[in-house]
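When the chains are written out, they are named A, B, C and D in that same order, and each has its own residue count from 1.
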Amino acid sequence: MFVVMRTGAGEAEVNGVKGMILAEGLTPFENAGRDRTVIAVVGDLGKRREQLRGRLEGLAGVAQVTPISKPYKLVSREFHPENTVIKVLDATIGDGGLSVMAGPCSVESRDQLIETVDHVAARGATIIRGGAFKPRTSPYSFQGLGVEGLRYLAEARQRTGLPVITEVMEPNQVDIVAEYADILQIGTRNMQNFSLLLACGRAGRPVMLKRGFGNTIEEWLMAAEYIASAGNSQIVMCERGIRTFDTSTRNTLDLTAVPLMHHLTHLPVIVDPSHATGKRWLVKPLAIGGAAVGADGIMVEVHPRPEEALSDAEQQLDFAGFDSMMAAVSAVHAHVRDLQGDLLPPAAAGSGKA
Amino acid sequence: MFVVMRTGAGEAEVNGVKGMILAEGLTPFENAGRDRTVIAVVGDLGKRREQLRGRLEGLAGVAQVTPISKPYKLVSREFHPENTVIKVLDATIGDGGLSVMAGPCSVESRDQLIETVDHVAARGATIIRGGAFKPRTSPYSFQGLGVEGLRYLAEARQRTGLPVITEVMEPNQVDIVAEYADILQIGTRNMQNFSLLLACGRAGRPVMLKRGFGNTIEEWLMAAEYIASAGNSQIVMCERGIRTFDTSTRNTLDLTAVPLMHHLTHLPVIVDPSHATGKRWLVKPLAIGGAAVGADGIMVEVHPRPEEALSDAEQQLDFAGFDSMMAAVSAVHAHVRDLQGDLLPPAAAGSGKA
Amino acid sequence: MFVVMRTGAGEAEVNGVKGMILAEGLTPFENAGRDRTVIAVVGDLGKRREQLRGRLEGLAGVAQVTPISKPYKLVSREFHPENTVIKVLDATIGDGGLSVMAGPCSVESRDQLIETVDHVAARGATIIRGGAFKPRTSPYSFQGLGVEGLRYLAEARQRTGLPVITEVMEPNQVDIVAEYADILQIGTRNMQNFSLLLACGRAGRPVMLKRGFGNTIEEWLMAAEYIASAGNSQIVMCERGIRTFDTSTRNTLDLTAVPLMHHLTHLPVIVDPSHATGKRWLVKPLAIGGAAVGADGIMVEVHPRPEEALSDAEQQLDFAGFDSMMAAVSAVHAHVRDLQGDLLPPAAAGSGKA
Amino acid sequence: MFVVMRTGAGEAEVNGVKGMILAEGLTPFENAGRDRTVIAVVGDLGKRREQLRGRLEGLAGVAQVTPISKPYKLVSREFHPENTVIKVLDATIGDGGLSVMAGPCSVESRDQLIETVDHVAARGATIIRGGAFKPRTSPYSFQGLGVEGLRYLAEARQRTGLPVITEVMEPNQVDIVAEYADILQIGTRNMQNFSLLLACGRAGRPVMLKRGFGNTIEEWLMAAEYIASAGNSQIVMCERGIRTFDTSTRNTLDLTAVPLMHHLTHLPVIVDPSHATGKRWLVKPLAIGGAAVGADGIMVEVHPRPEEALSDAEQQLDFAGFDSMMAAVSAVHAHVRDLQGDLLPPAAAGSGKA
């Protein structure tokens, strides 16, 4: 249920609404939008729904009380019509620019990381990526450098001035990762690791949530709702391919998800063509495709010598490949940027009451 | 097995090679490329492979004899390194331009068709589409106007000067459809209707082969090989979405297929965002996405009043929607065109010996 | 719309109903059930639905007129509560027994076929299978012996007294196949070849319809509806596996489809574990599984020397494998037969008004 | 790499082998089989593989050293040819009997749980199930009673004498769940939650690992390998349906997985038809199907009044439904039990060198 306040409603009126919601044992979430404030009522309303609705409508400053048509609430465009814009250090995600998250799949050594970040930072990457804790299908594969890797990432941030994103795999790791990294990444296999979602929601850092390779759009939004319900709506959604019957690429990159998500949610959406395709030479065309369908960013893997990589050797770009991709994707993004506002269906681009 | 002729090999030498192949009960297919001629040996070689290879290598004018690494031969880049360019009336597909195939899902009446084609032709469509014979999941749904619809399509061609593409559903229809239409379309449900593939291969008209929604990239290429093996390599491949577990759109448009197909085959590849998404407002962003990943064309459904359409009402563009899509997709295509040669992996863009 | 006649309604009353339906340009399909007759009204009712319903309810002998909740009508349990039982020569499908369709994937020679059918007939197979026209992914693979293969199949029937099932791939083949074979098989790639469905519907022979590997349960029923709408409801449904992301077997056999189909339709349902798994040693356990979930039959491929087979060598049983499978599956079927009536949900087992 | 010891090799010789492995920084896992002992060498062998192999072959008591063909080692039949049999209280899983795990989806109250377990225990259930910590797609759905639920489960064990299985959702919960429950369940969404797998591997309790709905057979085995690599090979594998394009049931139950897993691994395999189908009336036929393909057990959800359930109301059996299912499945299992040894391919049933 959303309580839409009248234009010009003041703090006292908003607090009156919140007080009634809290008194019912429910949780109010407030979105102070450009034009008006909306308060989402979250919790198990059960049979009191209609009665509560009537009482809320009677409060001072309330324009209307409307049901929520979707199972996700805080991450929906209905609740929050404007795009969410996330700022980390000097980087901004979701403001119409194109974020480029680049770096090695795994942090393998200090030298490998520094060599890579120096290059990508010089060529326009806006955020540094690198895996310290690695989720591996086999218990016998390289599992990452752990905290040592986090320290190198912190050094990389220091050198480049760019924020760092890295994966966190379990609730117990959240504190240590949040100490070193600027953005917490939740991987595809953990998209429905609900304890991890909640722990990241409480960590006070932006979170990037990769789509599970076996998960629907709605489940992805519900996973983001877990994070938001824990008090954190600084969430970046990352499409990275889903499982299908076709085996010609590792997964099938679902670029339709980008405009669809922009319609359904206010959160920024980025695309990871490296993991989706698993093939180096497909990264560039699909990064361009991602920018063209309106993605807020691209995440790619870069390695000084991909053939020596300890993980995902087939899909990491070398430096020349990164440069070529950057040039192309930047040009396409600059070009389609003006078309983007137009990509939303009328209702979503409008008042958010869709 | 491919027989690669020496640069400068003459007709007599080519005929010598073909003669030996025919004498073995096999079929030679010749590709006279820019630099050199390649002759594919098609048929069941069985145990004589090595012996035949030796004999062919001994013939005059033969540079080398190489095995074919893929199960498809005539449609592979290995056989035919240059892009296939298809010319129909004044339209050209596959030359680096962007073909736009537009028109109603079904031809419902003369007026509806003429109103639509007049509009789309004026706004830059290069090919007219419209269904006369309609494959419908239910036997009780509108099945199309049949031959009457073909006549209206012929009239539309007359008015606009544009070539017409329409679907053919069974071998017996090929002659009548080929009489009225310029390009034969094979629908997604018939991608492995092998009799139809062969009949279209013999019809002397370009064929557009839609990917089966349940079919792999390799099966799609093998289906094209059926058409080519019947003597027709004027084939356009059309990606139109595949089936996945996600139900938020009708199918999942596989834009990765575009650069992948450009790598594997010399045939032009176009994208149909209307059927893939099943949602009107997603057509434009995905048409842009298709152009950005290097598609040779876009197929979209347009109806004067989509809400009255007898089929696929949810996905057809109205005229304003088409105009907006055209403007955006043309601009993006012009922009990415220069990037396209670069989208292929080195080997495919090179000598075709990948 | 179904018109349910009163118990004891006579021919004149039934004809009165049919007459009114015909006069509206619609088609009546009659099911004279054990207790009462039901007449399905098929065609585009459009806006006259309510008005026609009222008029039909006013006719003599009519108990009630009910809407049809499913898109398929003639093949639904709602229309035809009793199981359809198909008799071909001395074989019966759908009467609670277990049909066993066995024979080689392809008819490769007279000797190979005769050797196989002599064996399987002696061990309890009830129907002979064998491919004369083979749908092959590659145009260069063995395409079957064609009419020569049909003649051998006819000889096999002569020797064994068992009916023969073989695949028909295009409308033009229906007559010749129907001349030699007792049951027409429509393959997985042709499940939505609507011209072929209609041609088989008019051929006067029972039809076995394999599920498309990329098709839903509802599409499968709609394909059967095409056959039924052409006047033929002697249809056997065959589950043969669907495409999923898992590559450990060729396809994923959907045994849930068996009880689900028994709920939704009155047509018999059989299971093909050979094509689903693609692995010989998995045929027996899944044939047992098929019998256990209530299948009306099993289709398996048998070859005297599977390792020499011209198609599907990996999945064909040898004679010993067939014997072992037969013993197990017969025992399990005899055992679960009594449980089968119980497998349907209450409504479907009851009056058919579900 | 496996080190196969000679028949009759003694402890000293086994210790000699283990010592050399440990000295290399690798981990030895020993399987003392009926006939002979096998020691798996686990860890990153890198370039010393051949050299180490030679040295191990030279040790006293070593019959041969063989490479491992599969990426999973400890859970493979190659390492451990005999079936793993798990004993918990008086229950046994994997010995040829049919385990029946039954109880409510969620523990909703003491009364609901006790009423249910009293019934299912009286009718032959061998293990009590019930969710205390519930993984829910929505953060606003009922999340389970938590520790209070665990206490009721402990009381249920006390009353019935049956072991209790319940889900654990994060590493931090492992200790508290292991305190109350006899078997730790890892849910479908956590199949690749590697931290949880390792924590469960160290907990000293049998673990049931549900297959991820988006995961392959091989990934499932690799997830089990994580648990085994942490020292615990008391693992039950549970097939519960995978995601496909078909929406007629919640997921597609992959019964082929049962014989396939019995071929690839020594671990017991059970089937959960409740979650796979999501429909109450399909539970019984598929439980029968599971028993028929050789499953070692069945897990079903039972509720005194399913229509009042706080989760999964559509799929829980009522008591009468459970009784009917039990009667059928027990009868079928007794019948097919003799066929089971026969379900494995020759190699797997043999020496384990497959």
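As a convention for this text, contacts are C-beta pairs under 8 Å (C-beta built on N, C-alpha and C of every residue); 3 or more make two chains touch, one makes a residue touch a chain.
Model, not experiment: these values are computed from the prediction.
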Practice task
Could you tell me the least number of steps, going only between chains that touch, from chain A to chain D?
Solution key: 1
Exercise for the section: Quick one: point me to the chain whose Cα centre is farthest from that of chain A. Expected result: C
Problem - Centre-to-centre distance between chain B and chain A (centres being mean Cα positions), rounded to whole Å - result: 37
Practice task
Give, as an integer number of Å, the spacing between the C-alpha centres of chain C and chain A.
Solution key: 49
Completion exercise
Residue ranges of chain C touching at least 2 other chains are 214, 243-245, 247
Handout entry: Touch list for chain C against partner chain D, complex
Key = 214, 216-218, 242-249, 252-256, 258-260, 263, 276-277, 281-282, 284-286, 288-289, 291-294, 324, 328, 331-332, 335-336, 339, 342-345
Problem - Residues on chain C engaged by chain B in the complex (per definition of touch) - result: 42-44, 71-73, 135-140, 169-173, 189-190, 192-196, 198, 212-215, 219, 222, 225-226, 229, 243
Handout entry: Interfacial residue positions of chain C with respect to chain A in the complex
Key = 214, 243-245, 247
